[in-house]
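Structures are listed in the sections that come next.
Paired with chain B in one complex and with chain C in the other, chain A is shared by the two complexes that follow.
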Partner chain A sequence: MMEGFKLLVNTLAHPTIMLTAGMLVFLFFFPPNDWFEKWNRRLHLNFLWTKKGFYFVIILMVVFFLIGLTDPNFSLIIKKPDNVPIIGLIFFVFIFLWISMSQALKNDKLIDAGEKPEEYNDPEDKVLVWPDLVYIEFIALILCMSLLLIWSIGLDAPLEGPANPADSPNPSKAPWYFLGLQEMLVYFDPWLAGVVFPSLILFGLMSIPFLDTNPKGGGYYSYKQRRLAIPIFLFGWMILWVALIVIGTFLRGPNWNFFGPFEFWDLHKLVPLTNINLSEIIYIKWFSVGLPENILVREIFGFLIVFGYFLLLPPLLAKTAFKKLHQNLGNFKFGLFIFLLLFMLSLPIKMYLRWLFNLKYLIAIPEFFFNI
Partner chain B sequence: MSDKKKSNIFQQLGKSQVWKSIIRSGIPRTRRQRMMSVLNSLFLHLHPVRLPRHAVKLRFTWCMGGLTFFLFLVLTISGILLMFYYRPTVEYAYTDMIDLGEQVPLGIMREIHRWGAHAMVITVWLHMFRVFMTGSYKPPREFNWAVGVILLLITLLLSFTGYLLPWDQLAIWAITVGANMARATPFLGHEGPGAALLALGDINFVHIGSDVKFALLGGRFVGEAALLRFYVLHCIGLPFIIMILMAVHFWRIRKDGGISGPT
Partner chain C sequence: MIMNEEGKKEQTVSGNELGQDSTPTKPTLKEKVGKKEASASIGKGTFEEEISRRSFFSWLTIAWITFSIATGAFFTMILRFMFPNVLFEPPQSFKVGYPKDYTVGQVDVRWKRKHGIWMVRNPEYIYALSTICTHLGCTPNWLLNEQKFKCPCHGSGFRKSGINFEGPAPRPLERFKILLADDGRILVDKTKIFQYEKGQWNDPESYLVV
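Coming up: the complex of A and B.
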């Protein structure tokens, strides 16, 4: 039975299945519109944000890691000293997601009933920083320091063999907080995954306050009043950042091949490399002619797709799904918003193109290091 | 009996010239004294004197910003202690690491520094998550959110530059993976799209010896120069920037009307 369980987990953990499931379920848990909200209510998904739901998930996670510890392959990964914080991260992300969502739902109910959110209080009725805040800060500080001390006494900082530029370990991994970017390298070239995407992430984060012009929902937890902002942010943060870090850390072994959590990291695992470019699919597979000499002719279809994606989709969306948003934001802000959103979504899109069609590049001009 | 005696000692202490020279308002017992003790202290007056009730609730801020700052202080102190023992050269860096573990009494400074750094990365993320979920980036706090994003970036860069310093296999290869991305920077990396355009006739301006990766590492690969560069950035450059930005961040929290809340 144990073997069956491990096999099941190994299979389900594959990015194709895990991320697909995650993205499908995501919109039902964080409904962006009435339709999804209806299903959210019908399926009682808000159970997750109740106390019972909290214990349910925490126990599930603890049991999973305890079982994992009994497995030689899994415990090898999670006991790696630098991987310990990521286990902490998994728990903390859930715990704080739970706190914010359960508080948000409480406030939503209050607001629906015409009352003020729970955080509200009489402006006249204030507390003194000394002692009320200083005391809490002091306790938080002591707790934090004790945790850090216990962690430091219990777990030695790693030190591997001395640096040897001639001997590159397999896999070579970036520090864990950049593993989402390294995981992106599977789907995009380094100029995108390592430079353009990180820059746009920073730029996108900074522009949030200017693009989210919704005047409601500032200064208290709420969900209903921010049904667009919260799902987009959570999608980017939890799925495209945290989940990719977890995959990159726990599930990528030698040669950056995928390995299930209970799978042995076999150096010689063979994964067929059958990825081909769009130009090859079109010219060679469909038309059975050779690739044209001229680069622009060769890559014309890729350019059309990419330009169509960034130039045709925005006006189309402005007239359909995001009609109201477009009216609220105006052309410039809406354009920026949709550009950032499309860029973010291009990552999962490229993933699926890879998984479904073995597509390597939409546009492949290796002559100029320009591959998309 | 003993209770009375204790309070006497404290009361007397509060009246003593030494105490009064440091904390003018005496022992903070009355409402007035408590307010004055916050107002008159350089450190405490980062806070306002009075706060709305929700702002001191753990449930609202999770204390995440405060903990991030606290971890930064812990990292500064443990980092200074580590600097006593560590020399940033290819010859000594690794052996100094071993000595730190084996020779230095109560040697958990390295652990505190490393795990503290990991913890700080996590608390910054969670702090950003909290600020987002309470919608606290909305006007008038747009600018402070942007300052926060830069703080986040610098926290990651601090962590990244520190990762190289042990000079073990883990270190140089992690930094190699990271730095390799730099060579693909559009226009500025020698393997980046557009770099070939920055040329005059046969002369390439962006080549392996002049691109951003070279600037980052001070060489073509992770070696002696990279170690020194990362060390200087890690111990002086980035802490300098992050401290200035933290000051701006804290200042703006007050200037933007204190911690956000429903109106």
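Coming up: the complex of A and C.
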């Protein structure tokens, strides 16, 4: 029974399956349009945001980690002092998500009934900084301090031997908060994954107030009134950031291969991963001619795809899926929005291309350090 | 809640305020604060008595000059930091034994730690591969069973020749200049690198025919 369960988890944990399932499920839990919302209601998915749903998920997660503790391989991972914060993170992400979603759904019901959101009925709508806020901050401070104190006494810092550039630990993992970036580096050239993407994440977060012109939902939680903003943000946060950290922590093993959580970290696990560039696929595999000498001719297909993605898709989407949004935002804001969105989506797209077709780079010009 | 002057709590029906459709009858927080400010005194006039306009400017000049000197010194020190007195760097060119020390088909990992190279001998020649991953510079490991170099950081894989074939590394490992010294030993010179993608591996300096 247990073995079967572990095998199942190991199989499901393969990133292709996990990410696909995750993204599909995500759309039903956070429906961006009427169709998904209909199914959300039919399947009673909002059960998750009730008190019962809360206990259900928490118990499920606790049980999973308890089972994990009994497994020799998984317990090595979860007991590692490096990884403790990530287990905390999994729980906290859910708890905070639950708080805001359950509040939002309550308000949605009130708004549907023609009433004002709950936040309007709060008698303690305004609090003074001194003493109310400062007291709360002070208590939070003391709690955090004592938690850190206990933590640092209980768990030794995971220090390693003196640094030596000649030998990198296997696997070499970044600090947990950078694991998402490290995962990104597997699929993109360093200048993209290490420079362009992080800056665009910051830039995108900063531009939210500028792009989000929806006046509703200010000062109170609501899902229905922000059906576009919430799923897009949560997609970036839950799937592209938190999930990548979880993948990096639990599923990446020696030689940076994928391992199921209950799988033994075999140094010699053989994974055939021969990657090829798009130019090689087209010229060598399909046309059976050699790679052209001229760089531009060689990479023309990659350029076409990238330009098509960033230049043709936006007007197309403006006419179809995002028609209303385009009208509301105007050309410039919409252009910015769609550019950021497409950039965000390019990450999972590139991941899939790698997993499914072993595609390395769409445009590969190592001569000039330019690979996409 | 809002505290009034006597320190009692007073309840406001905030729903109205947020609803924008009613005017609050009680004084708002802002008005109260405004009143207090008006009655407070900030010892007006004391400045003029102690510091005159002229001496203020000379003090300001002194302050700025001191500040600039301190900042300048700080940055000079930082710049100085970039050029250490002693550099514990292994020599860039070194001898790695005789050609007969290397067996055909074998990757020699002896010099990895000390000099950062792998020596590889194939039937025709010997070459020196850099141990720096071309992705982000970790040090890959030589996996004997799989016959490949595998990087532990993001999983790049390189063949024995140094050609990249899996993972994100954009280009093959670099090779170093290699030649036979007068005493019959092999000399590797790390200051000269040969990159495959630039067609430099055909350069006779990049390998040693044995």
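Note that the second predicted complex is superposed on the first by the 346 of 372 C-alpha atoms of A that agree within 3 Å, B and C clash if a C-alpha of one lies under 4 Å from a C-alpha of the other, contacts with A are read in each partner's own complex, and residues count from 1 in each chain.
Note that a residue touches a chain if its C-beta (ideal position, glycine included) is under 8 Å from a C-beta of that chain, and two chains touch if they have at least 3 such contacts.
In this text the structure is predicted, and so the values were computed from the model without any measurement.
By the touch criterion defined above, A:128 reaches both chain B and chain C. Using the contact criterion defined above for the overlaid structures, shared-chain residue A:292 touches neither chain B nor chain C, since it reaches no partner. With both structures placed on the common chain, the touch criterion links A:188 to chain C but leaves chain B unconnected. In the superposition on chain A, contact is made by A:164 with both chain B and chain C. Using the contact criterion defined above for the overlaid structures, shared-chain residue A:219 touches chain B and also reaches chain C. Within the superposed three-chain model, A:237 lies in touch with chain B and out of touch with chain C [touch as defined at top].
Within the superposed three-chain model, A:89 lies in touch with chain B and out of touch with chain C [touch as defined at top]. When both complexes are overlaid on chain A, the residue A:103 reaches chain B alone and has no touch with chain C.
In the superposition on chain A, contact is made by A:274 with chain C only, not with chain B. The larger set of touched chain A residues comes from B, when the choice is between chain B and chain C.
The intersection of chain A residues touching chain B with those touching chain C, taken from the two complexes, comprises 116, 120-121, 123, 125-128, 132, 164-165, 167-169, 172, 182, 189-190, 194, 219, 369. Against chain B, the residues of chain A that register as touching in their complex are 82, 85, 88-89, 92-93, 96-97, 99-100, 103-104, 116-121, 123, 125-134, 136-137, 140-141, 144-145, 148-149, 151-153, 155-165, 167-169, 172-178, 181-182, 189-191, 193-196, 202, 205-206, 208-210, 212, 214-215, 217-222, 226, 229-230, 233, 237, 365, 368-370. Residue ranges of chain C in contact with chain A, taken from their complex: 1-3, 11-15, 17-19, 29, 112-114, 116, 131, 135-136, 138-141, 143, 145-146, 150-155, 157, 165-168, 170-171, 197-198. If you check the complex, the residues on chain A that touch chain C are 116, 120-128, 132, 164-172, 182, 185-190, 194, 219, 254-257, 267-268, 270, 273-275, 360-361, 364, 366-367, 369, 371.
Contact residues of chain B toward chain A in the complex are 28, 31, 34-35, 37-38, 44, 47-60, 62-63, 66-67, 70-71, 74, 90, 94, 97-98, 101, 108, 110-116, 118-119, 121-122, 125-126, 128-130, 132-139, 141-142, 145-146, 149, 152-153, 156, 159-160, 163, 166-174, 176-178, 180-186, 189, 191-196, 221-223, 260-263.
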